[in-house]
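Structures follow.
Shared between the two complexes below is chain A, which has chain B as its partner in the first and chain C in the second.
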Partner chain A sequence: MTITETSDGSITIVALCGTIDSSTAPELHKSPAIADTLRSVVIDLEKVDFLDSSGLGALVGTLRLKQEAKAAVLLSCMNPRVRKVFDITGTVKLFHIFDDTSAAVEYAATHNEG
Partner chain B sequence: MKSVITLALPCDIRFTRLASQMAANTASLLASTCNADTGNWEFSHAFELAISEAFSNAVFYSTEKTASQKVTITFTLEQHRLMATIRDTNEPFSIETPEPSIENYPERGYGLMLIRTVMDTVSYIRENGENIITMSKQL
Partner chain C sequence: MKTLIAIKEQYHTWVHEAFPAMHPLLLPLCNKPFIEYLIDFAILAGSREVRLLSDGQLTEVEEHCGTGSRWGIELSYANLHPADDQQQLLDKNRKFCGGGRTMILTGYNFISYNKQKSYLDLATIATDTPIASCPGGTITLKGPPESGASEKSPLAPFSITPLDSVQSYFRISMETLQTGSSRYVLPGYGSEPDCSIGKNVIISKTAQIRKPVSIGDNVQILPKTIIGPSAIIGSNVVIDNGCSVSGSIIIDNTYIGENLEIDMRIAAGNTLIDPTSGVSLTMEDPHLLVGIKTWATTAILKRKTIHALAATILLVLQFIPFILLFPLLKLQGKWKDDPYMQETGLAGALAVAISLDRFPLLLKVITGKLDIIGSSSRSTCAGKHSYPDSGPLSRLAVFSYAEAEDWPVNGSDAAIVERFHAVHSTPIKDIGMTIKALINRLTKGR
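== the complex of A and B ==
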């Protein structure tokens, strides 16, 4: 998995690429924007080809920590294979999910999160 | 015609993707040999996901963590059905685990829920010191 961070105002876009499973999910916490619980992030999943429950758990854990610090985690651009994991587990209800990253950034800016 | 493919992998988290990709490719192969809709990603994704979960669990709960400990995955292709069996020598366990409470933001506990949902059948037996999970899905 590769992680690319881009700042857009007060929001950081964290673009993930590759597979997020039990062998790669711990890498997510190496991202400075993810590790900084005070920082709101949009996590762009467009280039994630596969995600299992370990990847999902890492995202849920990130969401919990940031929400406790009053920061936001928004998800964007998930393909149907990734979306299915959220749908089956019901975790789709925990996240704000957007079809495109710019809409997620706009939402975060509008809601003054982070 | 019945075809059997067996993969014995070290009980090591680094091999998770190899196991799940093998599952996806095997499912795609079955779909193509049955002249089924090979554009149907859900069949291959179901095995990719289920094997990723089962293999990860086998590694997570392994007690020895030695290179010699193996997780064995067998794919059996028969007519329009693919069956996957995953074996390990860990302690016995139950697959009848409660589903996680989403409102508590759990980071673990989704794996068996995913397996049960994407597969048609899932069973577990303990035999000769091995945990054996068998799952199958019809094309």
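== the complex of A and C ==
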């Protein structure tokens, strides 16, 4: 899995590429923007071709930590395969999911997730 | 014009209670799934791209509706957050909407329309206020009006009605049956109006069919029965000798026993519902009324067999430790079935570490009553409000998938893990997950 971070004002876009499974999920927490619990992030999942329960756990864990610190985690550009994982596990209720990264950045900038 | 259909779970919780086996968006209204009426309306309004949004599961709907090719449209699926308002729906689907004209249907509402009229002018109306509303939702047009059509031509009438209870479901179904194929595209075949019959229907020569009536697929109507007037018979239904069904709805997969008279009722499996009061009665006698169960598929039999084999091996391995520790723990008063067995003391801690507390449950795997790995009762209860838990995703088991994973910290996390594996597991993967659960219990405790 490759992680690319770009900043857009106070929001960081974390673009993930490849597979997020038990072997790669720990890398997510090494990303500076993810590790910084005070920083709101938009996680771009467009190029994620596989997500398993460990990957999902990493994303849910990130959300929990950032929510405690009043920061936001938004997801964008899910492909149908990844969306299905969120759908069957019921985690769609936990996240705000956008089909466009710039819309997610605007939302994060104007909303305090708390 | 494009259409967003946004339906939040909060509007159809009553469906889970009244018809637990039914996905609310696929609830049949006159033998046509609810969602298809909304798609039909979007098409009549000129939409060639439709997106379904929900904060609940859409997998079953996706399997039913597919890509929309059978309607000649592009159908996509996305999720919404329970707190989203209309502006947030537009923001979250910005790429789909593309800044153009978008019709937003919100709520769990039935749209009353006429297929013989044109609703293409909806794309040209310049308004930001809802063009139709009811307590459960609205129809709103967003984005710049399209040009081309006459703005002054009168819009064909349509209205929305909340589908918020068994009563409204019954009333709307009956109204749809009465107006029939003149207003809506309804499934089935019929050589005369007000009578439609699905595929693979067997009707006895001595049965009477009284219009209006709608009969689904794979239905057997046995001798001396009287169907109708105003009867909606779902798919996979058997109506036995001498029955009469009038002014009623028989939901899919229901058997109606001999000489039963059903008038002004909804029959769903072994439940009979009074549509005026909403009171339901569960019939215990399977000769009167019962749900028709589908036989276990080969895949389920394969899973059960492999799980039983694994349970047998585990029983053999645990037999001697169980014989040694069980009497000791029983005497100390520490032996109770999981999850209440006390870990105190060396014997108790050892018994939990090697999962002896699950030993009695393994016998139930061999008899097919439990799986060796699946859902724990704890996580099932934690998420019981959610539709997927009432479906095949909940498989009670000796060990839970959450015990095999490292990250779940509470009941809702465990439910996430268990739903994931319930869909993605195979019998062989299940064995691997069982071993991981055993190792986790051995190394980390319960």
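The criterion applied here is as follows: the second predicted complex is superposed on the first by the 111 of 114 C-alpha atoms of A that agree within 3 Å, B and C clash if a C-alpha of one lies under 4 Å from a C-alpha of the other, contacts with A are read in each partner's own complex, and residues count from 1 in each chain.
Keep in mind that, in the parts below, contacts are C-beta pairs under 8 Å (C-beta built on N, C-alpha and C of every residue); 3 or more make two chains touch, one makes a residue touch a chain.
In this text the structure is predicted, and so the values were computed from the model without any measurement.
Chemist: After lining both complexes up on chain A, report clash or fit for chain B versus chain C.
Modeler: Overlaying the two structures gives a clash between chain B and chain C.
Chemist: According to the stated criteria, A:Asp21 is in contact with first (chain B), second (chain C), both, or neither; which is it?
Modeler: A:Asp21 contacts chain B only, not chain C.
Chemist: On the A-aligned overlay, A:Phe86 touches which partner chain: chain B = first, chain C = second, or both, or neither?
Modeler: second
Chemist: Touch test for A:Leu63: chain B only (first), chain C only (second), both, or neither?
Modeler: first
Chemist: Which of the two partners, first being chain B and second being chain C, lies in contact with A:Ser53: first, second, both, or neither?
Modeler: Both partners, chain B and chain C.
Chemist: Could you name the one stretch of chain B listed in 1-9, 19-27, 73-81 or 109-117 that collides with chain C in the superposition?
Modeler: 109-117
Chemist: Just which bits of chain A does chain B share with chain C as contact spots?
Modeler: Chain A residues touching both partners: 52-54, 56-58, 60-61, 80, 84-85, 88-91, 93.
Chemist: Tell me, which parts of chain C touch chain A in their complex?
Modeler: 55-59, 77-82, 88, 91-96, 383, 386, 388, 393, 401, 405-408, 413, 415-417, 419-421, 423-424
Chemist: Which of the residues in chain A end up touching chain B in this complex?
Modeler: 19, 21-23, 50, 52-54, 56-58, 60-61, 63-64, 80-81, 84-85, 88-91, 93-94
Chemist: Considering the complex alone, what residue numbers of chain A touch chain C?
Modeler: Result: residues 52-54, 56-58, 60-61, 80, 83-93, 95-100, 102-103, 106-107 of chain A touch chain C.
Chemist: Within their complex, state which residues of chain B touch chain A.
Modeler: For this pair, the touching residues of chain B are 13-14, 16-17, 20, 41-42, 45, 48-49, 52-53, 56, 59-60, 100, 102, 105-111, 113-114, 117-118.
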